[in-house]
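Below: one structure, written as structure tokens.
All chains are identified by letter, namely A, B, C and D, in their written order; residue positions are counted from 1 within each chain.
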Amino acid sequence: MLSLPVFLFASLIKTVLVLFILLTAVAYTVWLERKVVGHMQNRWGPTRVGPFGLLQPLADGAKFLLKEDLTPPHVYKPLFIAAPMIAVVCALSSIAVVPFGTSLPIFGHNIPMQITDVNTGVLVILGITSVGVYGVALAGWSSNSKYSLLGGLRASAQMVSYEICLGLSLVGVLIVSGSFSLSEIVKAQGGLFWGFLPKWNILYGGQFIAFFIYLMAAYAETNRIPFDLPEAETELVAGYHTEYSAMKFAMFFMAEYANMITVACLATLLFLGGWHGPVFGPPLLQALLPTFWFVAKVFVFLFIYIWVRGTLPRFRYDQLMAFGWKFLFPLAIANLVVTALIVAYRA
Amino acid sequence: MTPSLHLWLIPVLPLVGAAINGFFGRRLTRQAVGAVALTFCGAAFAMVLYVAVRFASLGLPHTEFLAHWIRSGDFFVNFEFYLDQLTLVMLLVVTGVGFLIHIYSVGYMSEEGGFYRFFSYLNLFMFFMLTLVLAGNYLQMFIGWEGVGLASYLLIGFWFTKDSAASAGKKAFIVNRIGDFGFLIALFLMIKHFGSLDFGQVFAAASHLSVETVGFGLLTSIGLLLMVGAAGKSAQVPLYVWLPDAMEGPTPVSALIHAATMVTAGVYMVARSHVIFDHAPNALTVVAIVGTLTALFAATIGVAQTDIKKVLAYSTISQLGYMFMACGVAAYSAGIFHLMTHAFFKGLLFLAAGSVIHAVGGEQDMRKMGGLRQFVPVTYLTMGIATLAIAGIPPFAGFFSKDEILFRAYQANPVYWVIGLFTAFLTSFYMFRLLFMTFYGDYRGAADGHDDPHGHANHGHGSPHESPTIMLVPLMILALLSLGGGWIGIGGRFERFLGPVFASGDLSERAAEASHVLEHSLMAMSVATAGLGWYVAWLLYVKRPLLPQRIADSLGGFYEAVVHKYYIDELYATLFVKPLVEGSTSILWHGVDQGVIDAAVNDTAHGATHVSEAARHMQSGNLRSYAGWIAAGGAAVIAYMIWMGVR
Amino acid sequence: MLHLVLFLVFGAICVAGAINLLAQTHPISSALSLVVVMASLAVEYLLLGAEFVAVVQVIVYAGAVMVLFVFVIMLLNAGEEERTKGSRVAMILGVPGVLAGGLLVAWVLLKRSETGSVTLGSLPGYPKTIGNLLFHDFLLPFEVTSILVLIAIMGAVVLASRPEAQIPPPGKES
Amino acid sequence: MVPVSYYLILSGVLFACGVIGFLIKRNIITIFMSIELMLNGVNLAFVAFAAQWQHLSGQVFVFFVMVVAAAETAVGLAIIIAVYRTRETLNVDQVNLLKL
């Protein structure tokens, strides 16, 4: 157990570090997306700024910062300003409970690779995600624009609906691992079964259906293709952030990608065994390898995200709702019941 | 214990017939309805005959237990059937005469609407009457008693679309209720004092009580109350008024219910309860006086009636008075004997009258008949036999029974005898008057059957015609019975047969003491009286047809009174009906119902309206106002609780 | 000490949010105030050790119920509140009544000391223990509540669905 | 160490705010939110009592209250939508007749 000053100091350092990494990751996820989608569509993507366009995110950031921050007339100003902040804060804060790896021995202190280990970590992430809806909804409403309002309405309805499926898909994992704590859940997935297969929840826990549901719900939660109805360009211009510009727009942008990363992290932790992977080599490598595996899995998940975006068309809104309520929801409940029966049988 | 005879079948068979006709009769043909009614009624009669055959081998009284009915503490009432000689006589009369009348009805009613309804009611009546007769206790008897009242009501009002028939039915029902009220109180007294309604137990308990020669004791009360019931059912003074009106019913109904069977239920009941009456001589005296008065009273009214059925109705009342007179002098078996013969000849009279009415197309006024002798010879013949029987001409049935009664009345008190003899004269007179007015002289009716009071289908009377065979056969059988039915009483055989039933009172022993000289001289006098009546009637209505009107004119007010039945109906209307209606209207309706009950309800409603008007302002419909009230109330509750807690 | 400070800070936020709910005239501001109240209440729950309750409070109330409110406000495009004078009773009788009742309760609570004190997180409501309680001791109420929720879902669907026949024809307004 | 009564008073204040909101607000949605506020106040009292008596059933009750509140919200908001469709107003002062 750490003493209070050390705890506070370590937490501060970790927070700053994680925020930096996260924001960088957000920036380069954007770059990655542009690059991958570009290649999928037989073009190059960003190439001009830096080698392979690697400095493009910096240039974008500078552009956002320097652009005129236009506030249209007839908006409800307090909420118009607050909405992007709510969005970005909720998106960033959920990373706080995510463990990136096992603990690191630093200066004699065993510092966990996690800002805080809450024993209801999963629920905290769910709670913060659910509050994140306000950002989108309020942005849509306060803009005093029809496109924005429709986008906000769509977003809030869609997110509330899919949140249920998301939560239910997680419950199966929670039953298998018997804990709400993310680090506990990851620890439970260590080791192999049948000699060669990792004891990940998606395999050993039999949660592949839950993973599928989670994948779908996550796409909807983050308003990504094929569920990007709230910002459907062809119908709603840009949905809830039609009226936003400059840094406020950037905040929504950041929030979206941060949410993607959070969702990818959660998927990794819950289904894909977290930081578990082959560990070898010298002690320093041994300490860093779990984090590598974690990042690698998140990357794979994000790549799938982008891949899907480059491949699938958009759903119609009624199809979206029908898919959520009439297919995913019963499936999630069935998965829950089956999982509970299996666990009860094993126990 | 003798083997079970399944006595329950006797009443239940007609009930089944009633049910079949009542529920399905509408869809059945007339033939089928008649067949059903006759089959079940005949089956009951056959059953009674079977019982009669087996009768000698039975231990008497023979009771058959069917089921428990009421079991309340020490008080038991069972469904039980009670068979003794009295019951057997009644059974034979009821089913026999009933069956004949059923046969007759098939012909008489053949043109009527509601054919199935009529036979359903008729069978229902048979069920209740047989229940009454076979009852093993007073309560079961009461069921039958009420049931025959119901059947009577239904049948009197059979042509319910006719206002007079409907009100006649109601009148019969209501007047009977008065009598039933007395009967019921008698039953309550029995329950209170004897703890049972079973005939055996009640009579055993009653016979252990001392004879109440003076005063007004328990048995006297019960007896008088029973007599009230009997007076209602059997149309005795002062409750006779319903019976003449009951002639609104179809003629077979009048024959069956209002002559042969139902109206004799009172006599049967008094005879059945003879133990009680034997121990209450005062009550018995009342019975005798009532009977005697009724006999005379009704006979005098009968003299002046012109409606053929009304004459017979008053005659019935008068004859019932004879029966009560007999019971009143403790000559129960004589009463029952007369009951039986009366059932024969009065049934016959009614049926023959029905045949006459049928012949002249529904006309009932004797003044519009006359000379029917050649048109309806069979009817004339049978009616003549019945008239001879009722008038008391030997050797017809009525002679034996009536003579027996008069003889016993003389023994008890010559006053009864004098009145009885005079009544016999009147009876003879008005019956021959009826016969002469109807069958002698010239036909005074219209040539065609118009003005049809019973809704007879007009079957185009050219002239009066004889009834169909199905109607004549019962007439002839009854005529034979009227002729020979009295012979079983010769030498006291009938009395000896019933002897075991009535063998408790010492009063009945007097018969033995009487000298034959006295008996024969009395017999001669009554025959002479009957002959006198016959002669006078012949004189007035055949020989000098204008004389009656002159006599009537000379009698003036008295004649008017007689024609108007002594204004008894008007008297009752003034004394009872009008005050009742007035009182009900002014006090109960306007006073109690409107003034108190309605007013209470209305005032409550008005009060509620006013309070609501005031309270409505609280109910503004505004949600926040309601919330305000709730909040204030909650605060008050909190304050109260804290105050209670602090204290 | 830390406990008391945290309690007072978040209690103050709570009350401020509640009062703001009353003060704001626009329903969406009131709704956000209520979200603030609920969030700080979640913190109060945490202080009492009810961490599961706190998280569920955020998920259910802030994340679902209030989102639904905001959604409906947006859907109906609810505007500023009208200052109609509908009820004198509410003002004259209700508000003083509430204040009086509240003051009485507060007075009693402060006067009576037997209610005792609690330490920070004195009764940890772990999901596991709560779950055990919920699925053993409170199984019947739990199932009954599930039926209630089912009925509520159906009721909401029935009420909110617009039957085609009931759309009033244009021009016929009452 | 914080006296339980403080929590209870906070709970009471929230409840009273809810009641007052019910009394003074005209917008039916806001009134509905006031009800939620009252329920939250009650929930706090439940949790506080759970801590005082060291029994978790108080916290379990909170779940039931939440479930009921959620159900109530779903139905209530559906009713509000239905009312708005027929009355075209959200002001309760104008919704004071049972029939239109």
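Keep in mind that, in the parts below, contacts are C-beta pairs under 8 Å (C-beta built on N, C-alpha and C of every residue); 3 or more make two chains touch, one makes a residue touch a chain.
Remember, predicted model here, so these are calculated numbers, not experimental data.
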More contacts between chains, A-C or C-D: C-D
Nearest-to-centre chain - CA centroid comparison: D
Gap in Å, rounded to a whole number, between the CA centres of subunit D and subunit A: 33
Rounded Å distance, subunit C centre to subunit D centre (Cα mean): 5
Geometric centre distance via CA averages, subunit B-subunit A, whole Å: 103
CA centroid of subunit A to CA centroid of subunit C, Å: 29
Shared interface positions of subunit A, touching two or more other chains: none
Interface hub residues of subunit D, defined as touching at least two other chains: 19, 23-24, 26, 92-93, 96
Residue list for subunit B, restricted to those that touch at least two other chains: 620, 622, 624, 627-628, 631
All pairs of touching chains, each written as two labels joined by a dash: A-C, B-C, B-D, C-D
Sites on subunit C touched by subunit B in the complex: 86-95, 97-98, 100-101, 104-105, 108
Interface residues, subunit B side, partner subunit D - complex: 620-624, 627-628, 631
Residues of subunit D defined as touching subunit B within the complex: 19, 22-24, 26, 31, 92-93, 95-98
Of all residues in subunit C, those that touch subunit A in their complex: 28, 32, 35, 39, 51-52, 55-56, 58-59, 62-64, 67-68, 70-71, 73-75, 126-127
Subunit B residues within the subunit C interface of the complex: 618, 620, 622, 624-625, 627-636, 638-639, 642, 645
